[in-house]
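The following pair of complexes shares a single chain, subunit A, combined with subunit B in the former and subunit C in the latter.
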Partner chain A sequence: MPNPEDIARPARLHSEAPRGETPRPETLRPETPHPETLRSARMRPEQRDSERAESAEEVIRLEGIAKSFGAVTAVHPTSFSVRRGEFFALLGPSGCGKTTLLRILSGFHPPTAGRLFIDGTDMTAVPANRRPVNMVFQSYAVFPHMSVGENVAYGLKVAKVARSERQQRVREALELVRLGGMESRRPAQLSGGQQQRVALARALVMQPKVLLLDEPLSALDAKLREHMCAELVRLQKQVGITFLIVTHDQAEALSMADRIAVMNHGHLEQLDSPETLYTFPATRFVADFIGRINFFAAEVLADGTVEAQALGKFRPAQDSLPQGAATAALRPEQIVVSTTAPPKQEGRSMARGTVSLLAYYGDYCTAEIVLEGREDSTEGESEGGTEDSPKDNTGGQAKMTVFIINNTPQAREIAREGQAVWCSWAIRDLLLIPQAGGG
Partner chain B sequence: MVFSRRPRQLREPFAYASKLGFRLFFLATLVFLYAPIILLMVFSFNDSKRNIVWRGFTTKYYVKAWENTGLVEAFINSLLIAVVSTIVSIVLGTLLALLLWRFRFRGKTLIEALSALPIVMPEICVGIALLVFFNRIGWPNDLPWPMNLSKIILAHITFTFPFVMLVLRARLVGFNPELEQAARDLGASQRQALFHILIPYLRPGLVAGGLLALTLSLDDFVITFFTAGPDSVTFPIKIYSLLRRGISPDINAASTVLILLTLLLAGVGVWWQTRMQKTTLYTANRPAVQ
Partner chain C sequence: MLETPQETFQARPGLFLVSAVPPLLWLALLFFLPLFLIWGYSFGEKRGLIDIEVVWTLQNYADALDPVYVKIFFRTLFYTALTTAICLIIGFPVALVVAFADERWKPFLLLLIVLPFWTNLLIRTFALMRILGRKGTINGILEKLHGSLDAALQFLGFAGLGTFQAVPMLFNHFGVVFGLVYVALPFMVLPLYAALERLDKSHLEASLDLGAGQIRTFLFVIVPMTATGIVSGLIITFIPTLGSFLTPDLLGGPDSAMIATIIARQFGDANHWPFGSAIAWLLVYVTFFLLALQAVFTARRESRLRQAGERATGQEHGAAA
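Up next is the complex of A and B:
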């Protein structure tokens, strides 16, 4: 099922300009597959020296960290670093190894191979209780037999911090998470959201080098989750501590993180800023996992042009694509839908189709457009009635998913099943993913 | 007995409470369960040598029972045995429950089965086995008090600690392991995490298991009978020996004291547990989904 949060993504709460509809600057478009992707995701040994120079900026560095449970490999050798003071997200579907990685960072799982540095110190063999990182657990793990104040004070008590300082810091931490004056409450008297704040305060009071958050929002309802997202970003800005969050929710990661590491099957797929991940996914998996996207089977020809199913022949904006099979991808919001043929324009392409499936989300609809065959296309798509997924056009009837903003004059015309429409898009928006980099 | 009247058309499996036959059955059950106990307690105040006709109220048999030094000694023996074997059972049962919960190891299933065996073993067999065993290894019979109770204490531990273990294992199933990890994450050593987090979580189970062990030990007759020496007599055995000279009201009085003591212990346990539940609500160790 499509997720409304895919486009109803809240504007980023950081100081940077909101991304999204604004036309993206041409300078962002990389000449080759994104250089940062290459550097971080596929780091070669000789590139590490230049990374070392940046080590003052790094608070966590993983060098070939891997983890197997018996014959099962949870994490393949992975190397990346987390910068000091950033909001970092580990994103991926369940079972991709992100939680295992988090547990390696926190010290609950020893890695099978590789080395882990926290703040420049090798922490690979250091047990959890002696690492300068603290964790907010998925279940919050608030100690039920202790009051809120005792919970927050626990770590300080174990560290034998003097009573007066302890009380002071507990009070400050609770005020930070907006639970001031709740010291004597019992966890059982708190809501799930409040328990989570206790868990946050309990970890933050330790002033960790990195705060680890394990799926912190998964147990909250949609409204509270949105609120907590904003709250976490505010907290991170306020305390300046590096946050490392593990999540399977791409909307969460996009809206909160400065940088996101996308994982799949125990591999790091791509490590980039949310904007870059969304706009220039390095692999088909990343393109598919983050946001919504339409895929079309394509082939890069010898002259550099591309022949794609249902889209026809075009010269892509990307240069030096490897010749051969590839996937062309187009985001729904990059497609303009109209009932009349749009004027022919340089750099734009169009296709006719019929609205077939509408899903209503209140502020917008998603529509599946069944595309008609193009004269200049040789791929057979006229058979019809095949059960291909709309975003994966590898044969049969070509479809594309588009967004229709509701309550506009056009929407009332377009949002009808069976309506004949024109879809148009800018050719430079078509993203080509070589098959080798495909998921 | 009051059962709320339900509409007649109810034919659900749990609608049996509305049937007259079943109500009589319940009533009979209650009568046979509690009437003897109530009679016993009532007749301990009867001013007669026989337990048949009510002759007026008196407390003289309580005085008589109190003046029976053998009975009082047996009572003190029973208490001592119960307290010592309960403490040892709690420690042993906790260690075993934690071991079976935390680790996977060779022979785990065997240990699980062996440790639960004393619960299902016929008491008479265990009693005879212990008697033969203690004779065979030549355990001394002429130790001074309280060492002469050591055989009985050992025997009681063998059948009380599995109950403690079972109660604790049931409680451990609901333990959220992230609680312990959170303590470790906050700097606690394994030992600190155990005593700060896991043991407090287990406390209701420890109380329940301990009470179970205490009452089982206090009123055990069969196994005690075979392990008791001539000068290490417990309360149930003393009462049994008094019975041979006919049922006199001082036995009623002594039994009433035992019943009240057991009720008191159970009451304290229940009160303690509800107090703990109220202050901590252990169900809250999973995230409350809003």
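Up next is the complex of A and C:
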């Protein structure tokens, strides 16, 4: 068996030939690894390493791409690249310019500044119908007057692919999205989820260098969305095509993507792997937008120690922090809650508090704990804060949000409003975000 | 408690009937009754100056099949078909421009299209005569161009163009079709515009995204997706044009009369109501026939789609079994 990493690598065939004359890559055929990937599995380690370096090469590069609509700047000059074969997510709150950026990539918006390279070629001025990328539209945009098969065949017909090959590729693409045998159905007879699969097959059958997806899951119900997340990841691994997905749902991005670009107000805030984004958010916005987090006002002193009203004085794990105002951040799951005082331990801090607000989520609760005798003055983050992220400690009493796993003996004790509890945390878990990086 | 009119009517059927009476009466008195009377007259015979007796004769219809009238009838059909086709060819790009115009310009452009409706047809037609005539605006411009070109050629030592011959655009076929298109164009543009406006633009982007050019996108995505709008545009242009009376009368020549002109003459100067009624009803039959044709076409199309769907479902069940 080839190892999964090799299957995930894109096929070489379609990365060179221009579209339309593309010899049909084997990779679209389900469950049949490309002969070359089979071979590469047997290669010597050093050969595979060189290949890996090649596969990490960029398939999209943006150089200072910017877009304004009249007086509105949707995207400020932005530069980043997408690697070949990766699952890349553009994440950000509503109106931050994700769709605009995606439409610049697909060719529907000319950028106001900057240059765009797709597979090393400058595509800034190339019209949408001559770009080797394909898009899955948020509204699916399945042609209602064509059958499922005709929909999928549309792009191949345009590219003048011979009939027999076209039929085969359509069949394979539909099997790939688990719509095998539905060629002659009309879109009106399909559910929303199925229509979306048609849109996926229609784009995938073109063997694009990059598949662009604009909020593909936002119209699906929660259960189906979860299922489609897994499906998209499976598909991406199977075909090896670079996926670039736009979403405002951080859970979606975290679970699917290899790398995530977080955007805010038309700026790129941070581009990293999900783990890095979650563990080491570069800005306060990213920390707040991804997952839940508690913020505390803090100050970095000249000797490198940190003074925080709510947390006391401590020496942070990060060094070379700029002196001055900063924000200390702590994830709820890093806080241990108990009804009795935990034993004193080197490198851990604790505080007494009272459970004040409980929210029930089935498998767990969130509890807001008001810390006894501690003040905090973190200024409210006005922008980008998501609704389910804990409220800031805006003035007055210091609070922290914690998780309580339900249906445990401990939960039955703690999860009561007014319950006196102890919170403890490891000092090295406190993440310090300098004020300058908080914008 | 507030309820919708629909709920009110459902709760009180009596009220619904009472409020339905005036419009039904209106329709019966002013539409069905005259239509029925004319239908009766078409089987009648003239007795004296104004008396008509309905004797259930088919003589009027037989008279209408006289080659003279058949020729006018086919000419009418030809004018109408040509007008409808020209309206579609001109109207589609116009509708596209309006539908895809910037939101700021849309109301203004729509206003330009419906503006002619606010002016009397007679006045517009006379204005058109002023423009198309021998001494009209267009020929005036042409004459000026001719004059300058002539002078330039003579200056360069070439032979001159001779005297200016006005282009005949009035009192002939051209004048009639021009006038008919001019009157009917908004009727074509509006349904097309409505259909384009309803069209989800992401379908067009999907087509471009899949590599198609503008022309292919137009033919294979826009046209089929606005088919209902096109059909209503064709019908709403065709039927009124078929009954045009003023335009051919004022802009046409001696050999460009349309059937409505003949009908009008029977009810007017010729004072032969039974014959006029028979021709009028022939026109109604043609209209009904076309509408029926369209209904059959739509029904066939729908049932084909449904059958295709059922077949597909059957296949799937078969595959699953």
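Just so it is clear, the second predicted complex is superposed on the first by the 364 of 439 C-alpha atoms of A that agree within 3 Å, B and C clash if a C-alpha of one lies under 4 Å from a C-alpha of the other, contacts with A are read in each partner's own complex, and residues count from 1 in each chain.
The definition used in the following text is that a contact is a pair of C-beta atoms (placed from the backbone, for glycine too) under 8 Å apart; a residue touches a chain by one contact, two chains touch by 3 or more.
If you're wondering where the values come from, they're calculated on a predicted model, not measured in any experiment.
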{"item": "Clash or fit, subunit B versus subunit C on superposed subunit A", "value": "clash"}
{"item": "First (subunit B), second (subunit C), both or neither touched by A:358", "value": "neither"}
{"item": "Partner chain(s) touched by A:181 [first = subunit B, second = subunit C, both, neither]", "value": "second"}
{"item": "First (subunit B), second (subunit C), both or neither touched by A:220", "value": "first"}
{"item": "Subunit B versus subunit C as contact partner of A:143, first or second or both or neither", "value": "both"}
{"item": "Which superposed partner A:129 touches (first subunit B, second subunit C, both, neither)", "value": "both"}
{"item": "Which of subunit B and subunit C A:411 touches, first, second, both or neither", "value": "neither"}
{"item": "First, second, both or neither for A:427, with subunit B first and subunit C second", "value": "neither"}
{"item": "First (subunit B), second (subunit C), both or neither touched by A:113", "value": "neither"}
{"item": "Partner chain in contact with A:195 - subunit B first, subunit C second, else both or neither", "value": "first"}
{"item": "Footprint overlap on subunit A, comparing subunit B with subunit C", "value": "106-108, 127-130, 134-135, 137-139, 141, 143-145, 154-155, 158-159, 186, 188, 199, 202-203, 206"}
{"item": "Complex contacts: residues of subunit A adjacent to subunit B", "value": "106-108, 127-130, 134-135, 137-145, 154-155, 158-159, 186-188, 191-193, 195-196, 199, 202-203, 206, 219-221, 224"}
{"item": "Of subunit B, residues touching subunit A in the complex", "value": "176, 178-179, 181-189, 192, 196-197, 200-201, 203, 279-290"}
{"item": "Subunit C partner contacts - residues on subunit A that touch it in the complex", "value": "19-20, 106-108, 127-130, 134-135, 137-139, 141, 143-145, 147, 154-155, 158-159, 181-186, 188-189, 199, 202-203, 206"}
{"item": "Touching residues on subunit C, where the partner in the complex is subunit A", "value": "200, 202-203, 205-213, 216, 220-221, 224-225, 227, 305, 308-309, 311-313, 315-316, 319"}
